[in-house]
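Several structures are given next for inspection.
Heads up, the next two complexes both have chain A, just with different partners, chain B and then chain C.
The block that comes next holds the complex of A and B.
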């Protein structure tokens, strides 16, 4: 396109997917991602792709499994309760090493919760969520432009590593309108999908499965997956730092919380406070190393999340006691404000970092 | 001396030896499917979907591309495959636990959509792989590990007749129920399987063949007794024949 248009976050996810070559979308309605489903229904008609409204999220993720096994770029989207239902399929996709993109526009939980923005599915996304020893790449955009860019990247990484990739946003980002430009991605070529089923044409049969019954076979498979995950952890960590050089207090946040924190950094800096922001873009692989380095220099870290200490667990694992880590968590539809964050930073400074 | 070969392994079967229990119906059914795929000349454009349970073994046995699905999720996986490969034949192979219990919603909706796939549905009235629990198809009074005093309708409900359940849906084009208890029944079953696959190739809608199949191991019977039990107990309840054409 090369030009900027004003679009809603949920629709941008869809448009970026179509531009990434996704021609198969399977999904089930759930708020707050319904604009994406509707957009895909319309767009897939236009580009000759397939949009199918499944009977459930269980069915949707398994349709993805089938489409991906046949070598297609496929996407589904949902929100917390639906993503919970998809966990079975995600585990199978990871086990069978099938690429796909799963969008979670997070709402409040647990249970039916509400339809307000939340980041309560952090554990579910970054810890796997389904059964067995596996990981999924988790990309967390914080503005509409990045929703486009990371959706493009999600399809690429999914194919590159043969793994499900989760694009994790919250209802604020899904509903927000911002200018966006769909850029032509500049990514290295991918290997052919020489594992996909269909069109045998003389070659031996292929089998896509997550079943490894022979003695030792599953252990070998798991170790192979581990090797792949370690490669992802070495090569795919993405993060952004704002005013980290001289910061005494560093905020750690992603998605909508990171937008709020950006405001708090601006305000703090204008008041002469040495405050910075570290924003993980990949929630898995998590930016462990950079955070550890930051922790060695700063007086304290404040984790800001729309959940109650889920991101903070990873921050603490990274920091390993090098500095105090505090939490500002707003669950169940609460969105932190710039004032709240600023006040919390002030409070931490007033307490004196030694006592933190 | 000229050797007449009366029996040969279908090209659609790999060299992997069947590991089914003695007297199990799966071996006959898998072979019939392979024969039909050979005879229709569609091996290189067929993709099979095998789920969980004894039905999973065909992922090694069929010599065409195979996809292993989660328990009961054959139909959505087949749907995804078919939407990407509309010129291929997509063959699901499911047992009664996967299809009639945990995957019932999935099969009903695939059928209602008229998904152009074919499902071979093996009904042996019991969960095989997990050692003989009650299935949705377990007959009234039938003893299983989870109905030790027999299936009691007040407690356990009634067995499900899947063909009849699905036949009422507009999206279904071919439904038949056969069995493997005699050479004649095997021949008839093969014809059903061929018609079901042809239904898909002719783009007419969802097709399914149910097979009443013996499970001597979990019925605690000898193979011949199990065949007799299919004839005497299952056939009178479920009935044989084409339910919808």
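The block that comes next holds the complex of A and C.
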């Protein structure tokens, strides 16, 4: 504790999970998250946990279902194609209200795409991803340190709300190294898992299921889930603002794109430009309210993402026409540069807002 | 102090280790650092590169676009990466080049030559790192040696330490 060590993002996700009490890891290798799987293979053995390289991502996510139903903290990780395969299982986990943490280190898509950094799985992560009416909490760190902190939080929120939590990062964060310090979490106690199945000695039968066949039963279940999601939307929105007070142009970005935007804010401010950054930390629940307030004061918003307008849709839903919203999107492995963002901001300022 | 470093070379020349050691040293010195490598389908001889940002303050983008310092283990990459360097920035080359680059300072480090002569041919990258430390003061020699002790042991540690000191003692020559 208290010591800063240089670690790779992918490995930090694993170490933070182990420290959060995760003792079950199931996964199947895929670049650019392989270091996480490899780290868990080594680390689970050291702490007496279970590491299993499954025959497929489908198997992995269903193993998570089993471990979680028995009350254990469990995690899986993958990238685009593997996460797509897991969607059926994630829907079942959401339906059965099972807590777990799913890491997606995003690579370029669609299809097999490539192994370069991307943010193209935003829709999939924030809209549930699988079938049926559900949401998953989505946490989006932008530093290696925050990858540790938010993994800790992910396990906590998963248990608190009995829901799958997605930690969504891109390949830059997965592959890069930064100093990290694993902090002792300061989180309120959680209720006992009085729903978990397993040893039945001295207690009545329990059932973990996502199947509701009785007339009206599923509708009631869906409304119960909705109530839970509304509670999450009220209580768990997280975001960070940089230089928002007097900003005329505000950048909205998460993950690596937000790091690039931070560079553009620093550069812009040193040149006297009134530029700020709003960084959603929870992509769902999305920081609607703060963004709406920001939109009322600024001349324009520029969304910067490593995809083509996925984050921008949420920004527009929040802004509701209060100010112009522009996009700088780099898909398929392209990473925006500080220069590109700065030039786009200058262009927007020069054009004047009326024409945007 | 804030320095953006880009290291490039051919697969097998120790480019990523160069960046890792540099980043490790910065952490030991209690400063901020980020390291981002090229990754994926690496092959011996293929292009290899990494970004290292060293700073006393918060680091924004970990991807170096306009390096203050460019380190080329293969001087043949000057044409590709040289123009990225910020005007006034320095380029460290393991080899001489016929023509430098306007507005940038080219520094020659006889890294692989020295490493081969002293029987540690695979540690040319550490000769380069030693020379970089000497010329730029980006990190201290003592912390460099400490970082090496964390990464290696036995013969490998000795070879690397030897190469590092060799580079630090020799330094670089302006082209």
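Everything that follows uses one rule, which is that the second predicted complex is superposed on the first by the 356 of 356 C-alpha atoms of A that agree within 3 Å, B and C clash if a C-alpha of one lies under 4 Å from a C-alpha of the other, contacts with A are read in each partner's own complex, and residues count from 1 in each chain.
FYI, a contact is a pair of C-beta atoms (placed from the backbone, for glycine too) under 8 Å apart; a residue touches a chain by one contact, two chains touch by 3 or more.
Please read these numbers as outputs of a predicted model, since none were measured by experiment.
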item: Simultaneous placement of chain C and chain B on chain A, clash or fit; value: fit
item: Residue contacts on chain A - larger count, chain B or chain C; value: B
item: Three-chain overlay, vertex chain A: chain B-chain C angle, C-alpha, nearest 10 degrees; value: 120
item: First (chain B), second (chain C), both or neither touched by A:220; value: neither
item: First (chain B), second (chain C), both or neither touched by A:5; value: second
item: Touching partner for A:67 - first (chain B), second (chain C), both, neither; value: first
item: Partner chain(s) touched by A:335 [first = chain B, second = chain C, both, neither]; value: second
item: First, second, both or neither for A:266, with chain B first and chain C second; value: second
item: Touched partner set for A:289, first chain B, second chain C, both or neither; value: neither
item: First, second, both or neither for A:231, with chain B first and chain C second; value: neither
item: Touched partner set for A:131, first chain B, second chain C, both or neither; value: neither
item: Closest Cα approach, chain C to chain B, once both complexes are overlaid on chain A (Å); value: 28
item: Residues on chain A engaged by chain C in the complex (per definition of touch); value: 4-6, 31-32, 115-116, 171-172, 175-179, 256, 259-260, 262-263, 265-266, 335, 337-339
item: Residues on chain A engaged by chain B in the complex (per definition of touch); value: 24, 26, 50, 52, 54-56, 58-60, 62-72, 74, 88-89, 92, 96, 197-202, 205-211
item: Residue ranges of chain C touching chain A (in the complex, touch as defined); value: 20, 23-24, 27, 32-37, 39-41, 58-63, 65-66
item: In the complex, chain B residues that touch chain A; value: 14, 43-45, 47, 49, 56, 59-60, 62-70, 73, 75-85, 88, 105-106, 108-109
